[in-house]
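Presented below is the structure to which this report refers.
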Amino acid sequence: MSITHLQADIAIAAAVREATAIGVPMNIAVYDDGANMKAFVRMDGAFLGSADIAQNKARTAALFGFNTEALYEFVKPGGTSPGFDRTNGGLIVFAGGIPVRDGEGRLIGAIGVSGGAVAQDYQVAEAAITALAAGGFQEQPQAN
Amino acid sequence: MSITHLQADIAIAAAVREATAIGVPMNIAVYDDGANMKAFVRMDGAFLGSADIAQNKARTAALFGFNTEALYEFVKPGGTSPGFDRTNGGLIVFAGGIPVRDGEGRLIGAIGVSGGAVAQDYQVAEAAITALAAGGFQEQPQAN
Amino acid sequence: MSITHLQADIAIAAAVREATAIGVPMNIAVYDDGANMKAFVRMDGAFLGSADIAQNKARTAALFGFNTEALYEFVKPGGTSPGFDRTNGGLIVFAGGIPVRDGEGRLIGAIGVSGGAVAQDYQVAEAAITALAAGGFQEQPQAN
Amino acid sequence: MSITHLQADIAIAAAVREATAIGVPMNIAVYDDGANMKAFVRMDGAFLGSADIAQNKARTAALFGFNTEALYEFVKPGGTSPGFDRTNGGLIVFAGGIPVRDGEGRLIGAIGVSGGAVAQDYQVAEAAITALAAGGFQEQPQAN
């Protein structure tokens, strides 16, 4: 199983809503369980350079099934795996990437958010995860 | 001026609707006038390998302001610019990438579609352009 | 809006003048708001290897809208975003890249300078920003 | 000997003047005898995707000391060197790149122009070469 188009729409809509609420335009990426991009949007005014970071956060979380900030443990001074973050063409090891799991806990993809302070990125990614966990919005975010 | 988040949403929603109508799941990319990705979606069941093509079609059309298939003239046997399609890290010179212009004709971005026969890719990209030219849907495609 | 050819000429002319005044030949790059190169010059005697740095400083400042040295906060020991400087194909986080904004504060591009001590790079980039803020020279720097 | 900053300014000013005269905004690149970028400008309205082509035309002409279109002989059907144009990370083998030689015929760099039809690119590059051969303008194009 991999994250669906509908789930990606729900995740992005929830993230955009949260980003708008806190007044920080964000880049939001959804990757599937193959670590390939499923959906992406760069909100108006979001940092252009944060697009790469949002995508890489989602890719990193999809590759390992952990929150991106959890991976910092491996590379921090004294960590077990120095240079781990330079594998896979470069990984992101700070917050904003969160894996997406289905009802049985299976990894189906990941969300990555970048454009604000790290805590804000995390908050917006978390809003997407919460919306998906709730089964989506009452109304579908797109008419299609 | 660069294509907005709302315009990207409208373009993708129209493309998804057209793709659904013809029964061919598509990859749909929106790039801005700086040839940077603004939005993307890979519909469920769309070829994974067509994601790169859709993105590159949008990038190519944004880089030159022409439909991608028009660029084939430069590289066809006897064309003026052999190897043109290998510039810019590789360009796409078949149909499915269409520039987006504002009311004054200024280039503001481009749409790229891939996942079906080339004629289908073109049809779906054209649907997005038509929706944008019509000023968007009556209702916004997303609640945000 | 994106930085214009005339603004790029003014920025480079002012930077060249400042670099000449302090006797340090420089590489000077101007990027637009899409983080694409608008203009560049390598002054006679400037370090060849500083060309890449000047370009990347301008690109970095255009990608994020901050002075390049401000981004060091994210990656310094104890910073919030370890590895941030390895995103986007590698960023520059020391001084010499400064964003360019229009009269309403909108990001329209960036200047990047490299070839001297970091403080000199900054000084020369700042001279370009000052010239642009002053509305340009009395006379156009080029006859065209 | 390598092309100087002043010569690069003269070449670009002459090219911009010719491009303006024919009404086609161009990307203009000057490379030195080390095949490294010396100067560049993207005129307002010039195709963004032609920046890479102009730079590569100048680089190609600097690498081999021939007009870019002359190199097509090597790779045309029946040519001696199939794939020659894929060496050096990709070369350009259509017109618009012209080597620059000093008074003794020594290669000192090259000009590359892209943004119009191939014949227009050539015309604008040739205007730069002519200006350099004439010893430059009566007046310097920049005050610095």
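Here are a few things to note about the model shown:
Letters A, B, C and D mark the chains as written, and numbering starts fresh at 1 in each.
As a convention for this text, contacts are C-beta pairs under 8 Å (C-beta built on N, C-alpha and C of every residue); 3 or more make two chains touch, one makes a residue touch a chain.
Bear in mind that the values here come from a model prediction, so they are computed numbers and not experimental data.
Ranking B-D and B-C by contacting C-beta pairs places B-D first.
Averaging Cα coordinates per chain places subunit C and subunit D 25 Å apart.
Between the Cα centres of subunit B and subunit C there is a gap of 32 Å.
Looking at subunit A, residues 48 sit in touch with two or more other chains. The touch graph of the protein chains shown belongs to none of the named shapes.
Per the contact rule defined earlier, chains pair up in contact as A-B, A-C, B-C, B-D, C-D. Remark: subunit B residues 4-5, 8-9, 13, 16-17, 20, 34, 36-44, 48, 51, 137, 139, 141-144 touch subunit A in the complex.
Here subunit C touches subunit A in the complex through residues 33-35, 60, 62-65, 80-84, 86-89, 91, going by the rule given at the top. Interface residues of subunit C facing subunit B in the complex, by the touch rule stated above, are 1-2, 32-36. Subunit A meets subunit C in the complex at residues 47-50, 52-53, 56, 72, 75-76, 85-86, 90-94, 117-118.
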